[in-house]
Every structure is written in C-alpha cells, then in structure tokens.
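Look for chain A in each of the two complexes below; its partner is chain B in the first and chain C in the second.
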Partner chain A sequence: MIFAEDVVALSRLQFGATALFHFLFVPLTLGLSWILVICESMYVMTGQQVYKDMTRFWGKLFGINFAMGVTTGITMEFQFGTNWAYYSHYVGDIFGVPLAIEGLMAFFLESTFVGLFFFGWDRLSRVQHLGVTFLVALGSNLSALWILIANGWMQNPVGAEFNYETMRMELTSIADVFFNPVAQVKFVHTVAAGYVAASMFVLGVSSWYLLKARDTGFAIRSFAVAAGFGLASVLSVIILGDESGYTSGEVQKVKLAAIEAEWETMPAPATFTAIGIPNQKEERTDYAIRIPYVLGLIATRSVDKQVTGIKDLKVEYEGRIRSGMAAYDALQKLLAGDKSDPVKQQFEAHKHDLGFGLLLKKYTDKVTDATPEQIKLAANDTIPQVLPLFFSFRIMVGLGFLFLFIFAASFYFLARRNLAPQRWLLKLIVFSIPLPWVAIELGWFVAEYGRQPWTISGVLPTMLSASALEPGQLHFSLLGLLAIYSSLFVIEMYLMLKYIKLGPSSLHTGQYHHEKTLKQGEQHA
Partner chain B sequence: MLDYETLKLIWWGLVGVLIIGFALTGGWDLGAAILLPFIGKTDDERRVVINTVGATWEGNQTWLITAGGALFAAWPLVYAAAFSVLYVALILTLFALFLRPVGFDYRSKLPDPRWRNSWDWGLFIGGLVPSLIFGVAFGNFFVGVDYRFDETLRVTYGHASFFSLLNPFALFSGIVSVAMLTMHGGGWVFFKTEGVVRSRARRAVQLAALATAVLFALGGFWVAQRNGLHVTQMGSPNDILRPLDKTVEWVAGGWLANYGKYPLTWILPGLGIGGALIALLAVSANRAWLTLLGSSLSLIGIILTAGWSLFPFVLPSSLDARSSLMLWDAVSSHKTLGIMLGVVIVFVPLIGIYTTWVYRVLRGPVTVERINSETHSY
Partner chain C sequence: MQLPSFDRRLALEITSVLIVKCTLLWLAWHAWFAHPLAKDMNMPPQLVRQQILGAPASGPALRTPGETPK
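Up next, the complex of A and B:
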C-alpha cells in the first residue's frame, strides 16, 4: 500500500522539527540539574549563602528552560501514534517498553520533585532539599537513558524477531534491548553533550558578569563549577564519540561509510578523508585531503581489518533485497493461509531480510515482481545522502575540540588565579554559548538522517512507517506547531535574557549588583 | 508467568489505573485552571488558585504521559489507531496542553497585568480543551471511530472529518467530562484555600457536582437507546488473536449488556452519581475532605462505567465493526505484557509513596500572606 509521498515527507519534517526543537531544551536540563546538585552540595557542606544563591539563581534559569522542555516533550510521547501509526504497530511490542519505563521510572521522579525544588526551600531541611535536587537530576538523566535505549534500538534492532501471525516485530530478549551496545554508548555520549552545553551556558553567563565586573564573587564560583564539570564532560563526549565511531563501525556500516564518504573498500587500515566534497552521483569525493590509517584505526581499532565502502555495501544490500523478496513471497503465502512446511521454511530462512524486501514497495506494490533495475534503485536507496552527513559530522567534531580548548583554558587560568585579565577568553566563551547546541543538533541529525531510508535499521523503511493521513491534516499540525513553538521560544528567550541581565539580584536577597546600586542611588537622592 | 488471558485482563485494569490516576490528580489541575478566571477576580486571588496546584501539577500530568507510553507498550494497536484517527483532535489537545508548563512558570515572572491576564486565559484553555476533548473522545468510542485495518494490520481511515467527532452524543460526553473535572478541581481549590476564593470555589463545586450527577444519569438513558457492539464469534482469549479474525455486530442497547450479565456492576454508575451527590452535600456542609472523597469516587465511578460498558472492546470502529479493537486482540506479546506488569508493580506504588510525601510537605492552606512570605511562589 502506497500513499502520497508528501505525507511521508511532511511527517518526517514534523517529527524532525519537533525532535530537534525539543532537543534545544533537554541538554540544558540534563546538565544544569547536576550543576545545581554541585552548587547545593557546596552549600550544604560549607553553609555559605553564596552557594544557596547560586543554586537558586541557576535554578531559576533551569525552570524557565524546563517549562519549554515539558511543553515540547508532550508532543514526542504522542506523535509516534498520531503520525507513525504503522511504525507503532510494527515495533510497539519492543519500542513501547523503554518508553513506558521512561515514564514510570524517570519522568515521574523528575516531574514530581521539580515542583518541590522550587517550592520546598522553606519546608525542607538543607539535606532534604539537596536530596530533592538530586532526584530531579537523577530523574532527568534516567529519562535520557530510556529514550536512548529506545533510539538505540531503532539504530540496532536487537532482541526481537518478526512474527507473521501478528504482522509485527516481537520481543525475544529484553536484556539485549537494554544492554544494546549502541544504546549504552549513545546514552553516555548524549548526556555528556548535555553537560557540555550546560557548562558552556553557566561558563558563558558567568564570563559576561566577570567582563562587566559585576557580582564577581558569585560569578567566579559559578565559573569554577562550570569549568570543572565542563572539562570532565567534554573529555567524555570526545572519548565516547570515538567509542560511538567504533560501535557504529560494527553495526551500522552504512552510516559510518556515509559519514566518512568511504566509497570504496580500501586496503586496511583505511585512510581517513579529513575534508573534501562528496559527490554522490559519481561516487567519489572531490578535492579530498586524506590522512592514511586513521579511519581504520578509529572504526576497527586494528591495522588489519577492513572498513567496508559504500559500493561494496550496495552489492551486499542488493543480495539482501533479493533475499527479502523471497521472505515477502513466503509472507504473502502465509497470510493467504498456506502454512505448509516449505513456505514456513522459506520464510524462516529469509525473514531477517524482510525489511530489505519492503524497500521495493517504493517501486512495485507487489515486491516479488521487481525488475533488476528496480532492485538496483532500491539498493541505491539504502545509502543516505553523503554530503550533509559528511559535513555535519565534521562541524560537530571540530566544535568538540573547540570546547575542549575552551574548558581546558578556563580551567588553567582559573587554577593559576589569573582569569580576570584573560578578557579574550571570557569574550570567546560568551560568544561560544550557542555552539554546543549547534554541535548537539548536528549530532542528532547525523544519527537520524544517517539511518535513512529506515525508521528501524534494516527492518522497517521510513516510507511505510507513517500514518495514512491527509496532507491537509499535516499542514494544520505542522503550521500550528511551528507557530506556537516559535512564539513560545521567543517568550522563553526574552525571559531568559531578562533574568540573565538581572543576575542574582533577581533573588531579592539585597546582596547583589542591581539592588546595591539601587540602594546607593536612593542614598544619593 | 501468568497465562496470556489473565495478563490481557490485568492490562485492561492497569490502563484503567493510569487513566484514573491522571483524572484524580491531573483533574485537580485541569479543574482549577478552568475555574481560574472566574473564582479569581484580582491578581492575588488568581495567584492563590494557581499556587494550590503550582508545585504539583507537573507530576500529575505525568500520569497522562505515562498512560501514553503504557498504551504504546501494552496496546500498540490502540496507540496507533486511536491517536492517528483522532489526529486533529489530539493535536488540538496538545496545543492546549502546551500552554500549561509555560503558563504556570512564566506568568509570575513579569508583573504586567496584561501579561498575567493572558497567561490566565492560556491556563484556562489548557484546562478546558483537554477536559472537553478527552470526554469527546470517550463519547466517540461509544459511537465508533472511523478506521479499519487491512490484512497487514495497517490502519486506514474513512472520510469522516474532524467535525464528525463533534456529534451530539460525543459532545454531551465532553460536557460530562468538563463538569466532573470542574467539580474535582473546584473541590481541590475549596480544600486548599480560605476566604473569598474558597466560597467562590464552593459555589462552583455545587453547580458542577449537580451537573455531573444529572448529566451522567441522562447519558446512561441515552446509551440505552443506542447500538452497542456484540461479539458473535472469536478465538480463545488465551491465544494470539488478530483483530480481523472475529465477527461482531451492532445491537440495540448493546453497551448495557454487561450490566445485565453482572447486575452487581450497576454499582459503578451508582458510584458516579452517588459520589457527585456526596460532593454536593459535603461542600454545602463545608466538609472539605468529604468533598474530595465524593468527587474522587464519582470520577472513578464514571471512568469505570465507560470502560465496563465497552468491555471487552476498547476502540470500536464505525467503519468496519470487525476491525474494532478489544482488550483481547489489541495487545502486545505475552512476554512484553509480563515484563511491563513487573515494571508497573514496582514503580506505581513507589510513585504513590513519593507523591504522597510531596503533598505532605506542601500541606496547609494557600493564602495571600503565605504566597508573599515564601521564598518561591507563582
């Protein structure tokens, strides 16, 4: 069954837009919650008011951001059902599990205690309040764990097999799903990226106060927390990013080959294309600058194993598409009621390639009558667009190293007690505040766009996953979402900037810049 | 492990638990938001109303989010079919829900009265629209929704527009839903406040409780006149069942058949009406705890009545009766249902315990003096 291409395109656009939008707010929640735990722990240990003020002030910004995180998160929980109905049926038996656990174990914890974080200051002991803050951080980070287990399964669908009686994938091993290597690496890489974003945010805002020579005691302590936390985080991002390259080398060969524009299988160890312009049509990279050995080392951690190139992957997938046709043929017979042994055996032998057979639905509804040309076209479809992946990935990695430099320099000058004169560094940090978000969104793009043409890698093509909606319904939802989200985003940024400018004076403790200058003004009058 | 049939039955109950969990706790927030512009005339009064739910609404809404996730895991076909066939209605609900997190958090960040008044109406919409649409959706389950499955279990739709969801019976159900949640939320504001806000909330609860009892009873008579689904043939509930393998038919008064078979279950609609009457009497006698008890019983009774009347169906189809989903054939695999049951058994009581602790910490009436003296309030 084929329905309007533009419904699939619009559904993808909507999902991508809402996911990327949601992910503007999530990283700050993930990281800032731990920064709050650090600040408040210092308050509990030292009893110094400034650490309580830090917890409360950064907590205020946390709250403004958190509200948008919740607003944009609601959509995510329901939009698999609204827009990806066939996907929901096809893999709900597995994919729904981590999503439901996320709600029960993580999101409940986070949302129940976040209210008490704000409203509990006068009702809880110091230690109790710190406990509440910790549970908010724990909840939000566990949330990320379960979401990434779900997402990791889309990239590397382990612990499940197709059941022709129910026409869906069904769970065979929950442990395989939970301990999916792709999910584990993704989780650490993603939350650490969130910590980097939050650290850069606190570092940048504090640098701005330092440049203005305002509330410097407050700012330098915040700077110190962010520099330490950020340095540790950026190191894990980079190391886990590399680990991620290694894992994807094993299970997501095509994504790796596309990211690296690796058209041919090269003799091991493969050379790394540092930069160039991938040319998908001619299947080569123009103006390439290559570094010997590096790709082989990253992707296989060896000097003798090969990294499979795109052309060879296509040949491999062409074979799987043919095998998928046999699976589809057997499935049709099974559905028609012919459950004889040869049919069952044929299905069992080929069912792991059923998804590849389904790729042919784009060209022929019957699948089994595909011509060699159509099979070639479908094999071509298994390769995502190389150019955007190639560049997104390189920008992300480049930014990662910039962050490493920034956090290392911050830490160095802070330790030397020589930070204030480094105005160049403080300015660089202020201007770098948005960059972790750029890197994070590009990272998501690489992960999700690099999985195309699949929603579930090798199992379910994207074009078959969408709900059979009318284009008008999608125009309505897409325009509405864009309008509401953009307006709320403008409001959020306005409040964020307003409270950043107010600084800790917004706490009304009478200890900080704006309130002091106000008092002096009154005295002069 | 439990057998498949038992697990399927248990999961029907668990979906009910999650929906009731949301109605009981999230109902306070939705109802309070619906009443906000009317029982709060000044900014101080409105802040009082908002702060009765301000610290806890987020956790309460998680029942709704979790119900979504649990449907995905336990009833994937319901998750897929219901949410996509009700597309426009669900998207509208989401739009309205968007206004709540930002409404609660951003309103108090600026003193400008126009700013605050706008957010108050935003919160009102965020309370009213979801309450109405949840009821309209349930009403449409009784009428049947416009979807069917093909052989590959892909869901397709007829040509009914969004406006056909607004048929008389469904709209009527929406009004019952708004009335009951207003009663419940009003009861919460009545419980948590003093003075003029409390007396206005009292009046609102009286009206809403009366409306709930009368309209819900009328709804029962209406349902008796309508057709309901009846299974004529299906496989054993303990087996893997596919929606298209059964035969069903619409019969007059079919949605009341279960009460004929099990007369004791008349207690459920009785609870729906009786609870509302208890709330009405209790609020009139200024008994706050009893009011909340009454409105809670009424909510539980009404939701269980809806579920039990449809039983064993969970999503009837108007387009192709055979495609109608039942708790027997809309479910995940035996394995997944078993694992998810374990998860629920561990976490739902835990959620109950810490939510109760949070409410205990925040106990006591919300007054203008208290809002102004606290470190943080909305």
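Up next, the complex of A and C:
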C-alpha cells in the first residue's frame, strides 16, 4: 500500500481541529457585524446616544472576537501544502481562485474598514461611519462566500475536468464554480447560522444585564435588536436548511441517505426517521420512529419521487467502480505513451468515474485486476459512518427549533412589554449562549464527515489526498496547534467576560452602571 | 488621536494579543509548514502520478501545469 491510514487519520484530525477552532470565532464576526449595522442605523435615524453606545459597546466585543479570530484560518492553508499536497495539486487550479479572492476580501476590505470603524468615530460623519460599518459587515460576509464556494466545490465539483497530462482538475467554467447550487445554499445557510449565534450572544448578555437589573435601558434595546434579528435569522436557517436537504437529495444522495439512515429505497413518498439507533453492520435502524411523507417532501419536493436508499446506492456505486477501473486502465495506457484513439475514447467515456476506481487502491495496487470482493469492499467504503451523522444532524435540528422558540418567545414578551417578569426565559437565554456554536459545529461535522470517503466528492478519495508524512510529525504539529488555539480561546474568553462584566460602563460616558455606582459611592463618602 | 482610557487599555490588550498570535503562527509555520510538498498548490505531475497510479515516477515526460504542449 502506498499510503498509511494513520497518517490520513491524523491529517484529518489536524485539519478538523483547526477548522473547528477557527469556526468558533467566525459566526460571531458574521452576525455581530450586521447587528452593529442595525444599532448604528438606529443611531443615524433617531440621533439617540444609547444607539451609538450600543454600536460602540457591541463593536468592542466584535473587535475582540475579530482580533482573536483573524488569521486563525491561515493554518488550514498551511496544511493544504504540507499535509494535503496531492489534494492541493489535484484541485489547485480551481481552489486557488476563491481562496485568493477571499484573501483580498478579508485583508483589504474587511481589515481596512474594521480600522476605520474603531478610529473613525470623530473623523467621519454619522452617515459615513454607518457606511464603514456596513462595509465591515459586507466584507466579513463576502469572505465567507468565497470560502463556501471553495467548500461547495468539494461537495459538488462542477465546472472542471481532469487533465491526465497535468494530473489535476482544471477549470472549465468559473461561472459554474461560482454559481454551484451547493455553494449558494451552504453560504446562505452558514451565514444565517452565524447571525443566529451573534443574536443569541447579544440576547444572552442583555438578558444577564436585565437579570442583574443594571443598564436596563441599554439592555432592553439591545435585547430588542437581537430578538428581531435572531427571529428572522433562525427562520432563515430552518428554511435554508430545508433547501440544503433538497440540494443534497439532488447531488449528494449518499450523504442524505446516511443522515437519514435510509437503508432501503422506500416507495414514494419516503418516510422520515425522527429517531432510532442506526446499525450499520446489519444495515437497519433499530427502534425507529418514522414520520410519513416528510423525507420525500424534503428531498424531492414531491410525493411521487423516490429517495434512493443506501443499499441501492452501493449497487449503483459498484457499477461506477467498474467504470472507474476502465478509466484507470485507459489512464495507465495514456501515461505509458499509448495515445491511440480507442484509448482516448475509453478514457473520455469513463473519466467521470476515475475517482470511484481509485477507491480500490485501499485494497489492491492493481486496480484493473480488482476482484468482485474488492469491488464490494470499495463500494461499502462509499457510505460514511451513519450513526454519528444521524445523531449530529438531529441534535443540530433540535437546537434550531429550541432557538426558534427562544427568539419567538423573546419577541412575543418584548412586544407585549412583559419581558421583565419572565425570569425563566432570561435565564434560559443566558444558559443557551453556547448552544448556537454547538449546532454550528455539528452542522459543519455533518457537511464534512458526510462527504467521506472523499475530499472531492466522487473525484478524489481522502486516502489519496494526504501527503506521506511521519505520524510523529503530525502528532507534534497537532499538539502544537491545539496549544496555540486553546490559548487564543482562553484569551478570548477572558477579554470577552471582562468587557461583558464592565458592560457599557467600559465606554466611559459616565451614564452606566459601574460609573454611576462609583459616583454614588463618592457622594456618600 | 486621544482615546478614552478604557479604549486605550483594550487597544493595548488587543495589540499585545495580535503580536503574540502572529509570533506563534509564524513559529508554527516555521516549525511544521515551511517546506510544503505542494508549493503554490502545485507538484511535479510525476509525483502525483506515482501516488494515484502507484507506478514508478519514470516514464514519458509529462507537461507541468502552465507548460504549453509541444
């Protein structure tokens, strides 16, 4: 065998851990930037000082998070070249474009305007400063767009062809890459999830001030902004998540079947397994509670189309593996110098299944001579582990509906001017602050783990993407990165908690809790 | 530009953290990632061919990305 599975697993763990840490910072930046736009728009429209104070205070927390989070994603780009060299080469022609644009967006647009946001209060007019805040939000969100275009291409590699001479995928249509339906759905779903996280953060901190009965005017206005923005965002997340399910049903059938633990192709419309215990070995779900029609409606938007089950997908993929063997055979001949028309035609006819042929390399170096048993084993590998996907997805969805309840209840009691007595709700919100991050990380896990065994769906298996490194090197760098990111996370928590405790008093306007208490103390003295 | 005292403190804290962070990331790059096999997302195609096909690197000369066909 030409690859070591432990190296692949360690490289995956390192990349996953880095992405997980990076994505702790990103959602708050995405959502808080728009909350700043809303607060500052209120300030520009009404001229009330409290809205300026809200923009400056939440802007401070935004600044801490931005400073902690910026460049934490850069180690993923380091890892592409070092740990995932074959992947990098294979996709560099396509992947490089959105990553380069993201770099320009992140560093030139976002960073420039973040500086102006903090230092431009006395130098710009109200409207000009609002424009700057808007551009900060736009820059942050556009950065996410380019990253998710790159990621969407890994899930649904459109607009590219494999070139056997350069041994890489080459771009054939930039428009197809940019307007990839998977990327578009991922973008709107992901940024909306970030808006929910930021709204819950502002709602939670404001609730804490309300429970402590401090800075209530400031807190109730912040609460109102977060409740409105959060309610709209969580509805978007749920609707766009449904759209994501539909897109998966179209182009990522195996991921959808694994998430739903749908082993058999059921008669249309497919039932949705609300809960159960998937048993991958026996290919069944124990103790399943099924809801009629729902999966069919989500995945096909119809009541008369089937959703293909895992067993049938495996049969389909066995066929693609055999086609991939023919592509592999032609590729070998082409690279050996036989460029006759029949060989080229054979390659053209089967090259879209080359990736499936490559799955056999786990079992044999002689792909073209693979036995039926080896083909069956490779077909089994096309199915990701169902159990973790099944439960991660359900926890994420369950949390989504909890957020809907929280934002709807917040909005309702706020509109009825009856929020203060609802201490149970305020406490629930404070304890729910970390939950959007849990849901977001689970969503990321479902998207990326559900793509296995591929780095690029149907094109390049993960096992062939990783560099041939020593496990020791990977252990050492993994521990080092974990230490760096854990330190950053601890510093972020320390600074955030410090400024949250200070609250708007940290603005030094003399209008808020700590400064008033200090003044009163001085007067008494 | 004169900043209020709390802003000055925050600016100092953030600047310190950014300096430490950039230093740590640079050290991480230097220690583990300074010699990527795929520089600028490119490798010699022979190496990729060896990985994908498990064949020896020797064989007919192949074009590298960007090279024009002869």
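By definition in this document, the second predicted complex is superposed on the first by the 520 of 525 C-alpha atoms of A that agree within 3 Å, B and C clash if a C-alpha of one lies under 4 Å from a C-alpha of the other, contacts with A are read in each partner's own complex, and residues count from 1 in each chain.
Going forward, contacts are C-beta pairs under 8 Å (C-beta built on N, C-alpha and C of every residue); 3 or more make two chains touch, one makes a residue touch a chain.
Being a predicted model, the structure only gives us computed values, none of them experimental.
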Have a look at chain B and chain C on chain A after the superposition and call it: clash or fit. clash
Counting residues of chain A touched by each partner, does chain B or chain C come out ahead? B
Partner chain(s) touched by A:Glu515 [first = chain B, second = chain C, both, neither]: neither
Could you look at A:Ile101 and tell me whether it touches chain B, chain C, both or neither (first, second, both, neither)? first
Check whether A:Phe78 is in contact with chain B, with chain C, with both or with neither, and answer first, second, both or neither. both
Determine, under the contact definition given at the top, whether A:Lys361 touches first (chain B), second (chain C), both, or neither. second
Who does A:Asp242 touch here: chain B (first), chain C (second), both, or neither? neither
Taking the superposition on A as described, I'd like to know which of chain B and chain C A:Phe113 touches: first, second, both or neither. first
Based on the superposed arrangement, let me know which partner A:Asp176 touches: chain B (first), chain C (second), both, or neither? neither
Would you check which partner chain A:Glu161 touches, where first means chain B only, second means chain C only, and both and neither mean what they say? neither
In the superposed arrangement, does A:Gly63 touch chain B (first), chain C (second), both or neither? both
On chain A, which stretch or stretches are contacted by chain B in one complex as well as by chain C in the other? 63-64, 67-68, 71, 74-75, 78, 80-82, 85-86, 88-89, 92-93, 95-96, 119, 122, 165-168, 335, 467, 473, 476-477, 480, 484, 488, 491, 495, 499
Flag every residue of chain A that touches chain C in the complex, lowest number first. 2-3, 60, 63-64, 67-68, 71, 74-75, 78-82, 84-86, 88-93, 95-96, 119, 122, 165-168, 328, 331-332, 335-337, 358, 361, 365, 464, 467, 473, 476-477, 480-481, 484, 487-488, 491, 495, 499, 502, 506-508
Chain C to chain A touching residues, read off their complex: 1, 4-7, 10, 13-14, 17-18, 21-22, 24-25, 28-29, 31-33, 35-43, 45, 48-55, 59-60, 62-65, 69
Can you name the residues of chain B that touch chain A in the complex? 54-59, 61-62, 65-66, 68-74, 76-77, 79-84, 87-88, 90-91, 94-95, 97-98, 100-102, 104-106, 109-110, 150-157, 240, 242, 332-333, 335-336, 339-340, 343-344, 347-348, 351, 354-355, 358, 361-362, 374-377
Contacting residues of chain A [partner chain B, same complex]: 1, 56, 63-64, 66-68, 70-71, 73-75, 77-78, 80-83, 85-86, 88-89, 92-97, 99-105, 107-109, 111-116, 118-124, 163, 165-168, 170-172, 174, 335, 467-469, 473, 476-477, 480, 484-485, 488, 491-492, 495, 498-499
